[in-house]
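What follows is a set of structures for review.
Across the two complexes that follow, subunit A remains constant while its partner is subunit B and subsequently subunit C.
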Partner chain A sequence: MANIVQPTLPAAGARARGRAGVQRRTGTAYLFLAPFLILFCVFVVAPAIYGLWISLHTWNPLLPLQPWVGLKNYIDLFTPGSLTSGDFWQSVGNTGIFTVASVPLLLVIPLVIAVLLNQKIRGGTVFRAIFFAPYVLGVAVIGVIWRYLLDPQLGVVNHVLGALGLPSNIPWTVDVPWAWISLVGVTVWWTLGFNTVILLAGLKGINVDLYDAAAMDGAGAFRKFWSVTLPGLRPVMTFVTTVTILASANMFGQSYLLTKGGPGHATRTAVMYIADEGLSQNQMGAAAAMSYVLFAILAVISIINFRLQRERS
Partner chain B sequence: MTASEVTTQTRSTPEIPAKAPSGRPRKRPNRARVLLYVALSGIALIILLPLVWIVLTSFKTDFNAINAPINPIPNPFTTQAYQTLASGQQPIFLWFLNSLAAALLQSAIILVTASLGAYALARLEFRGKKIVFGAIVTTLLVPPVIFLIPNYLIVQNLGWLDTIWAITIPGAASAFGIFFLRQFFVGLPQEIEEAARLDGAGDFRIFWQMVLPLARPALATLAVLSFLNNWNDFLWPIYVLLSPEHETLQPGLAVLQGAYATHFSIVMAGAIIASIPVLILFTIAQRQIVESVASSGVKG
Partner chain C sequence: MKKGRAARALASSLAIGVGIALAGCSASGAGSTGSVASSDYSGPKVTVSFWNGWTGGAAPVLVPKLIAQFNQEHKNIVVKDVPMQWADISAKMPLAIKAGKGPDVAVGHGDDIATYAAQGLLLKSDSIVKSLGYTASDFPAGLLSDGNYKGSQYGIPWSVTPLGLYINKDVLAKAGLDPNLVPTDKTSYMDALAKLKAAGVQGEWADGYVFTGTFEFESLLWQYGGDLFNKGVSKATFNSPAGVSALTQMVDLINQGYSPPNVAQDGDINALIAGKTAFNWNGVWQTTNTALTKDKWTAAPVPQIGSQKAVWSSSTDWIFPANKGQDKNKTSAAATFVKWMNNHSSGWAATGELPAQNSVRNDPKLVAAYPQLKPFLQELPYAHYETVSPGITNAEATITTAVNEAMVGKKSPKQALDDAVAQANQLLQQNASQYGG
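And then the complex of A and B:
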């Protein structure tokens, strides 16, 4: 869940081919690759296929038989009133609420901070390190400390609000919409440094001459930001948007620890529901089907995102 | 506003501006610059204050943590929370060792498998290279949740449930390490191999004696990132570790939260213990960690 770094996509064909004297060494290469490929096949390729197989069964590990049911698990998800469809789509909707609320904040706030850090200042690397620091803490640490700080009765936040003469009985973790505000706020606090650092690197990659040219044309600060910074940042922005959407769509730990998915199931996310249904309730077939439906939804969103970003450029 | 009023009222002599740094044209800090620093410091406070508060809370008495949450200073200052944890029902120091062992083991596996694999992908020509590479790329876009159920069953069939293998081996199949090192290996000059080949060195010797020593900084960064990733893993260990003595720290924190409920000073002490190795690593390798994240978007 908390991937420290999102991997970079390789620069296709970065290496010159057909260099004189380079022979094919297929056997040697696969010997080098073997340890990784064995792990990759057993724990990535095989489960991707095995999961599809599971999803076509009523798969309960506590029962002696796992009967084949074809597409029933999928059909159930799209049949209103079935055992799983209501809860599943509620959890997908919750993940959607979280993603729609957190992604814009996780793009705008880090962009503003990155622009501030990109000025000629002293202590820039110190600020950068401070902003990044919460990200190296695990979601479990983040969850338990904010569960304390935001506790409606005993938490610091409400006490501080009270001392300032503001309402001091805000149900941060136990009622909506406050629970969403808490989950989104904590996530922004936790991960803004990650996006800031990437966007800052993107800003530093923009050609300084472009700013000088814009200044000669009489462009002000806002105009420069709009016509030089934003277009120059587009590839990095696409990357950050994609990574942030994927991370938000996989949200689990914050809800698990801050709100326990409550009140009721109002903040239970899709991943939380799938894990519970498959591994606690032992409905593995249904849970596997849900994970593929979620995957399909995310794939569609990713494609739309890529298309939109490409059209704009 | 008020500060400047106080200054003009109480002091007869005007403030002498701080010495300008020598060798530079003297420039008075303009309003925008001051605002810039104020904004950045404000954000830094928002980030740091909760963390400082947690540290202070862990040194409060249980009574003070609950009844006087707004007073940040632990009075009396006590290590009672840590003592309760050490002698309590939950084997938190065992969890610490489990987390440490798992994170070190997984980092070691990733270093070995990823460096070997990345060497082949970066420096050798072979049949099927594009397919292997494409397959690894594709998995980066797949949400990890689809592996949850099947990998649970695979781990169960291997007899690894509730063992350290469950939380180290499957996660080592991550594509990130291969990418990270491949990028570094691609950038090394071709002459290394050519000279060594003329001396009759085989591929493994070139890898071991030439390429790996040059890659030391990249290997160290990958080791740190892998350690952090495994140390902070939360969802997977919740479900594959079953007995309290095999638990790791992150899911253990959820257990502490359940066991100690509103005994916040104790839970906060647990959170701090769970953060110590990570914060030490971040302090030592801050630049490498941040740089590797920074470059991920630009090179992508």
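And then the complex of A and C:
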């Protein structure tokens, strides 16, 4: 299998050129890849290129003419005081706050839970189901549920806090920094089950002999975790980290439903602003330009992430 | 209706993906003109496609009944009811009309009409209005002209939904006030709030969201003699002294302890329902809120806090789409349908909206059947409707941002409004350059 897939990598393909057998196998590989490749081109590559084209116009889809404006949409984003730059960079900053606050929690907590679930405890499957359950719910559902629970005046959370003698007027969904705590907390509760299950699968893949060997060398529980579990999880961890960073950077629904992006626009994320600009205000050109700038930022972060994880191995 | 505006904002989003592909296809520049021979269509049998966003409340039962009755009475017209989410209408209709597959008649929100008209999606309906025999005096003051864009009529009024003052009588009684108390001006309103506060009740929970902080702010702004935009809708003017007074009045509710700080969206009406507050400025649509039935409540015209009477209202209108190759007979038949529907709109009150046609609304039978609507009917002579300008919803959204920032205490009322006006002015300029405003 690895042999067949390998030639799709450009470097391997170049090396393989000239060897008839490999070339035929390359053709076969592309044939097998074709169904996905076609979908990928039609639904990812083509729209992405079209988006680039759109970003060079004042593109209001409701109007008959979409005038060419060159790089104006991009220049506006980097010109302080323009219609879009202030809002855009504020929203990017908000996305940054959310990502920095949520990703560590979404890695550490699922890891701890996965290690615990990996012990041979009674009812492990039940706990796994319980932790995973919220992930099954749609964002609309968790948004509505938590808006009721976190309502500053009428919500259950503040009511319980009050009953415990704690402040009962915390503006969970209305003011910062509380809104951030709510958004991060709800997101962690909602999605930790997914990361937990992936990490648990990773844990099950670690050879038990390694633990036995470590024990024989006199390693304690902590040392085993540090020297066996973590290195064994590295490939899985890379995947989980990348996916979690991207998911957090694309956060939309929680803010949209819980805080409406407020107070003011303090919790409006980049994706939320892009959606508003493109879809509500019909400024598809500007929105496409923002998407590309955000894409560039995320690409850089992803590359750094991959580099860091690779160098350690 | 309740979340109509918010839903539409998200809504226009969904169809756009499809929209981009189709948008370039056709360019229908200046709108075409629609005319009908009379208010009683007599041509060959036609099918009229009718799009509406009436998917909730009493409408899904009421509308098919009305249409069945209409179809039975008109042998040469078959009206096809096509209900869908408001969001879907905003998303689908422009493209459908350009492709010649849109409805022959539809109901739209007041602030969408200019946007549609500027795109050439609607028939100029002055002569239809004339043939149907409508004049401005058939509707509440200023409503017919609200369907007018650049000197042409595009909408025929169907319904209006003003804001009113909801009062929880149990809360008043429990706080030792007269349960039948109805504050009408600033003195009586602030006096009631002070007495409620003395009894430990925060009398009006004020929020900073579209529902309903923005509506209250706009009502107060007009009461203080201000306006949202200048006459040509080229400049935002809601940071005028009137605007600052209006927003200060709302922020003061918090400062004086009449409202808790940081009220969440819908916290105001939920608090009224839960018996935690006495007053809520909310739309006529709440009269159909079943959660209210367990309270002893009443509604009243909003109190006059400023120097004149004024109240926010939204409206919906009949519109005649200019489909590519629009069949004149279908438009004629649609006009007959519109006239008939307006004449038979008294039952529409069951949906929590007020029929626009005066003769229907002023019929004593309407108030007899829906007594809770009376205060809202009284408000119509001084109600303010949507701003008529293409793409206006983006500039209007800045108002909510200002109200929110001030209500959460992030900015002073003046600062919040100034910032929003600066943003709104840029958006208005953008709208003008794109829609040729």
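Keep this in mind: the second predicted complex is superposed on the first by the 267 of 313 C-alpha atoms of A that agree within 3 Å, B and C clash if a C-alpha of one lies under 4 Å from a C-alpha of the other, contacts with A are read in each partner's own complex, and residues count from 1 in each chain.
Definition applied: contacts are C-beta pairs under 8 Å (C-beta built on N, C-alpha and C of every residue); 3 or more make two chains touch, one makes a residue touch a chain.
Not measured: the values here are computed from a predicted model.
Colleague: Taking the superposition as given, does A:V174 touch the first partner, subunit B, the second, subunit C, both, or neither?
Modeller: second
Colleague: Taking the superposition on A as described, I'd like to know which of subunit B and subunit C A:H265 touches: first, second, both or neither.
Modeller: After superposing on A, A:H265 lies in contact with subunit C but is clear of subunit B.
Colleague: One more residue to check, A:A275. First (subunit B), second (subunit C), both or neither?
Modeller: A:A275 contacts both subunit B and subunit C.
Colleague: More residues of subunit A are touched by which chain, subunit B or subunit C?
Modeller: The partner that reaches more residues of subunit A in the superposed model: B.
Colleague: In the superposed arrangement, does A:L83 touch subunit B (first), subunit C (second), both or neither?
Modeller: second
Colleague: Touching A:R25, do we find subunit B (first), subunit C (second), both, or neither?
Modeller: After superposition on chain A, A:R25 lies in contact with subunit B alone.
Colleague: Scan A:T58 for contacts with subunit B and subunit C and give back first, second, both or neither.
Modeller: In the superposition, A:T58 touches subunit C alone.
Colleague: A:M284 in the overlay: touching subunit B, subunit C, both, or neither? Say first, second, both or neither.
Modeller: After superposing on A, A:M284 lies in contact with both subunit B and subunit C.
Colleague: Look at A:R128 in the shared chain and tell me whether it touches subunit B only, subunit C only, both, or neither; answer first, second, both or neither.
Modeller: first
Colleague: Is A:Q66 in contact with subunit B, with subunit C, with both, or with neither (first, second, both, neither)?
Modeller: A:Q66: touches subunit C, not subunit B.
Colleague: Based on the A-chain superposition described above, do subunit B and subunit C contact any of the same residues on subunit A, and if so which?
Modeller: Subunit A residues touching both partners: 50, 54, 61, 147, 151, 154-155, 275, 278-279, 284.
Colleague: In the complex of these two chains, what residues of subunit B are touching subunit A?
Modeller: Residues in contact with subunit A: 33, 36-37, 39-40, 43-44, 46-48, 50-51, 53-54, 57, 66, 69-70, 112-114, 116-117, 119-122, 124-129, 132-133, 135-137, 139-154, 156, 169-170, 172-173, 175-176, 178-180, 182-183, 186, 190, 194, 203, 207, 225, 228-229, 231-235, 238-239, 249-251, 253-254, 256-257, 262, 264, 267-268, 270-271, 274-275, 278-279, 281-282, 286-287, 289-290, 292-300.
Colleague: Which residues of subunit A touch subunit C in their complex?
Modeller: Result: residues 50, 54, 58-66, 83, 147, 151-155, 169, 171, 173-175, 260, 262-266, 275-276, 278-284 of subunit A touch subunit C.
Colleague: Can you check the complex and tell me which residues of subunit A touch subunit B?
Modeller: For subunit A paired with subunit B, touching residues are 1-11, 14-15, 17, 19, 21-26, 28-30, 32-37, 39-40, 42-48, 50-51, 54, 61, 113, 116-117, 119, 121, 125, 127-134, 136-141, 143-149, 151, 154-156, 159-160, 163, 189, 193-194, 197-202, 205, 235-236, 239-240, 246, 249-250, 252-253, 256-257, 270-271, 274-275, 278-279, 284, 287-288, 291-292, 294-295, 298-299, 302.
Colleague: Mind pulling up the subunit C residues that touch subunit A in the complex?
Modeller: So the residues of subunit C in touch with subunit A come to 9-10, 12-14, 16, 19-20, 23-24, 26-29, 94, 115, 119, 205, 208-209, 260-265, 267, 270-271, 274, 276, 391, 393-394, 397, 401, 404-405, 408-411, 423, 426-427, 430, 434-435.
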